[in-house]
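Think of it as A, B, C and D in the order they're written, each chain with its own count starting at 1.
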Amino acid sequence: MTQAIFLIRSMDRKGLLSGISTYFYNKNFNILLCQQYTDDRENLYFMRVCVDISDMKMTRKEFSASFAEFARTLSLEYSLNFTDTPQRVAILVSKTSHCLYDLLAHAQDERDLKCEIPLIISNHPDLENIADKFRIPYFCFPVEKGGELEQEKLILEQLDKHHIDLVVLARYMRILSKDFIDRYAGRIINIHHAFLPAFQGGDPYRRAWERGVKMIGATAHYATVDLDEGPIIEQDVERITHEDGPNDLKRMGKDIERRVLTRAVRAHLQHRIITSGRRTIVFSR
Amino acid sequence: MTQAIFLIRSMDRKGLLSGISTYFYNKNFNILLCQQYTDDRENLYFMRVCVDISDMKMTRKEFSASFAEFARTLSLEYSLNFTDTPQRVAILVSKTSHCLYDLLAHAQDERDLKCEIPLIISNHPDLENIADKFRIPYFCFPVEKGGELEQEKLILEQLDKHHIDLVVLARYMRILSKDFIDRYAGRIINIHHAFLPAFQGGDPYRRAWERGVKMIGATAHYATVDLDEGPIIEQDVERITHEDGPNDLKRMGKDIERRVLTRAVRAHLQHRIITSGRRTIVFSR
Amino acid sequence: MTQAIFLIRSMDRKGLLSGISTYFYNKNFNILLCQQYTDDRENLYFMRVCVDISDMKMTRKEFSASFAEFARTLSLEYSLNFTDTPQRVAILVSKTSHCLYDLLAHAQDERDLKCEIPLIISNHPDLENIADKFRIPYFCFPVEKGGELEQEKLILEQLDKHHIDLVVLARYMRILSKDFIDRYAGRIINIHHAFLPAFQGGDPYRRAWERGVKMIGATAHYATVDLDEGPIIEQDVERITHEDGPNDLKRMGKDIERRVLTRAVRAHLQHRIITSGRRTIVFSR
Amino acid sequence: MTQAIFLIRSMDRKGLLSGISTYFYNKNFNILLCQQYTDDRENLYFMRVCVDISDMKMTRKEFSASFAEFARTLSLEYSLNFTDTPQRVAILVSKTSHCLYDLLAHAQDERDLKCEIPLIISNHPDLENIADKFRIPYFCFPVEKGGELEQEKLILEQLDKHHIDLVVLARYMRILSKDFIDRYAGRIINIHHAFLPAFQGGDPYRRAWERGVKMIGATAHYATVDLDEGPIIEQDVERITHEDGPNDLKRMGKDIERRVLTRAVRAHLQHRIITSGRRTIVFSR
């Protein structure tokens, strides 16, 4: 069943639910799912609506134009996506493979991560063999000292050329420039190997061990120019004991990182996330 | 802010959301929250709507009559509750105090469990001192052999007399008769000290230990005539190891039981639960 | 069964386990439990030994002297505790009751927290009624501006007078002086209402909400002069969603705080914790 | 550093720890780790000892003979393993790939599962491409009606020929004969896609959904002739809601299954498990 998914944001006021649901009813659409969230502090209203468009009589352009007209009357901000349009995802990696594996296995074998992955980009050659396993082109753009922007340019060219919708930093150990992030604002997901805001920055497992924490975690978030400060999408943790040394933490952390990252990417691909300032609204379905 | 909370069930069909939300909009109510769930397999539609009635111009009887009329036209089943009407809860216990404590502390001291607890009933005298601590009348109705129904009658009399809305079996170690359960159908919450459907019946911690499970749990559910078979409201678990003996499991289990029971009671008191066959829809707010 | 529990620390070297276990064997003691941990980075060896002293023929003083002599030959640091000597715990509180309740219920009613609680001390009068419920003397020492040290002196007098072994800060919202902390070094347990090292300092739930984290937590640690920097004993977390506002976080956090604090206090009372720098070794039994 | 790992079982009595640790001390071995567990109910004593044999002056045969002699005097049952002897693992699969992937990725790419995987066996051809990705021979032995034992014979031949130490049933959907299980007793690990003992047998996710549980889980256990009744090694769960349908449970369950299975296999490969009746002792390191 093909669906149209609307992510809507508006100032909160009476009648929004009635107005929007009646719009779809009058057009003879079946609303499959309608979720809302009101942020009382900011007086903001968020909504996710999924409607069945299997039997739609209009073209998609007509449909889009019609809703755009309607949205204007209510001053709604929104995005509209169709579930039969596959999103195109680029994965950026450095040397560690666990997150990459998980994304590829879910996308290609489990088929429960619906997207196309036309390319993998790295600043190191190490993971080419994994790309080969999954028959995906692997671009290795090493970073030369002083050549950071040049390297980014090479990446951006490939992203543009391949019509990439979402960039996933699957343990890509480089900081992206403001320019890069602006071009893909809200479309870059990073995994940080700590329970943010604890242990921002480098070498978090060693620091977690030294601090003697009793749980470790991982955090998937949208990348922003302030490193590790972007809106959090998903987090998870696991219990550790004094017996676990820094290397154990690293190993255990990998399992957390990859499931957190895969969940976050799935939520994004399913159009379940609306960002509001530093916070994300992640609808459950 | 006083709210009216509607729990609605209906056959699924187009236009329900539009119809119901527009009803409230036309009556000039602000919808604070509207949650839905569609059971595709059964073609059932469930909805929870909270509306602000602080400035309502009608009487509550007029409001109820108006919605009843509207619901008839759409063939909606529903219940209507007002948040300023405190619910009256009876707690039934036997000899163990941990669940009782937790409920009383949340109701009286934390004040995050909104209800009145006019009485505690037990088949044993052991927990009278706890009732005294919280200044709640304690009724001890011991069970004589062959006098089970007689004892239940005494309990039912007190429940009726005190206008009880919800009966919480906080480790009450007696099986209730069909008659009792029918009279309070959907209004009796029991805590079972195992992760149902594992270890139904007696002595679950010992059996869990003997089976060598690596996690133990607890389950809060509505009581039905089939013991431990009622619709599950909430569950939780904790990890154990081979070092934990049956008594450790018991002790650790208490912490799980009481938080599971308190969460389930809170969900019921907040009118967040709709039962559908053996399953519960528990809305998140 | 009465046990002697040894917590031992030493430089790591060959023969420690053989030497110590043979000491007890030669004295005809049954070793009930022997746990070890080696910190390879610091070359430190930690051990917890529980021996059955039910049938001991020596006096405890003779036993202590004998082990002291033995420990000197191996350069062991250690502490020796007997399980039939109840520890005396003072609970310090301010205005919130949930942690206090949990400790009292476990100590008095569940009887799975073995200790005496001869007094509760607060800087506010609010929780006197809870102390009354459990029939424990309640001392209210309000803090006057500039009178902080004077107030601490009153507390310390009561701690000394009541032979207090362990001070539990059950949401006591005052910072203790270096002098106070030094006098009870390693014997003050604090609960911080966040997943340290995230959200050190004040108002962590609000800050957690603003940062948009997807899990909240609590941390029990030994108090040191650097606020929220002491060795962590226990942590736990729970998942939240965008729907949970600051007040929800507060309410959910209470449940985490109290179970984390009670677990930490239990571990301390059972002589299961050895501190090593900023880290704790918490043996599982 | 090469280690010898002893897993020891004995009747409990005084002096075991002293005797065993002194044996190693006298032979000039450094004990790296020594963990014990006493089952008071059965009066059984379990021990895991890791000793450093990097500088051993004896041959391994001499060492083994020496300990065997010593063990006889104390009536110890034991197994002895050397960490530089890689174990050889056969993975049996049917049609689903998620557990297979995880094992292969950890063994070949993450290198945190130390073993050799010389072959993958299936009753279906579906997963050959994954075996190819990892360059591991794939044997497809379909089951013909009435040919079950014949098919098992083919499997057993391959297991024997490849000197297999451990058989992992990574969602292998066939029941093994008593003969098969006896030949690899204690060396077959199965993953069941439910939180045993709940939902034994087929189609557990559907049954979990119908029962309306609020958490789902997975269980790794040693295979025994009684299906799903073998000693449990590891379990884990995740929270679900009414919104999750049977297919969601299946998808979410996959993540639980694979991490539970991989953890169980790791514990076995690290010689951390001793089985005692229906229970397992799983040492933490």
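Going forward, a residue touches a chain if its C-beta (ideal position, glycine included) is under 8 Å from a C-beta of that chain, and two chains touch if they have at least 3 such contacts.
Everything quoted here is computed from the prediction, not taken from an experiment.
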Subject >> Set of chains adjacent to subunit B and to subunit D >> reply: A, C
**OP:** Quickly list, by label, the chains bordering both subunit A and subunit D.
**Re:** B, C
**OP:** Look at the interfaces C-D and B-C and say which one is made up of more C-beta pairs in contact.
**Re:** C-D
Subject >> subunit B and subunit C: spacing of chain centres that average the CA atoms, whole Å >> reply: 36
Subject >> Intercentroid distance (Cα basis), subunit C paired with subunit A, Å >> reply: 42
**OP:** Enumerate the residues of subunit B that touch no fewer than two other chains.
**Re:** 241, 243, 284
Subject >> subunit B partner contacts - residues on subunit C that touch it in the complex >> reply: 97-98, 101, 105, 109-110, 112, 130, 133-134, 241, 243, 251, 254-255, 259, 284-285
**OP:** Report the residues of subunit C in contact with subunit D in the complex, numbered from low to high.
**Re:** 14-15, 17-19, 21-22, 24-25, 28, 30-36, 38, 239, 284
**OP:** Give every residue of subunit D touching subunit B within the complex, in rising order.
**Re:** 37, 40-41, 195-199, 210-215, 217, 231-237, 241-243, 245, 278-282, 284
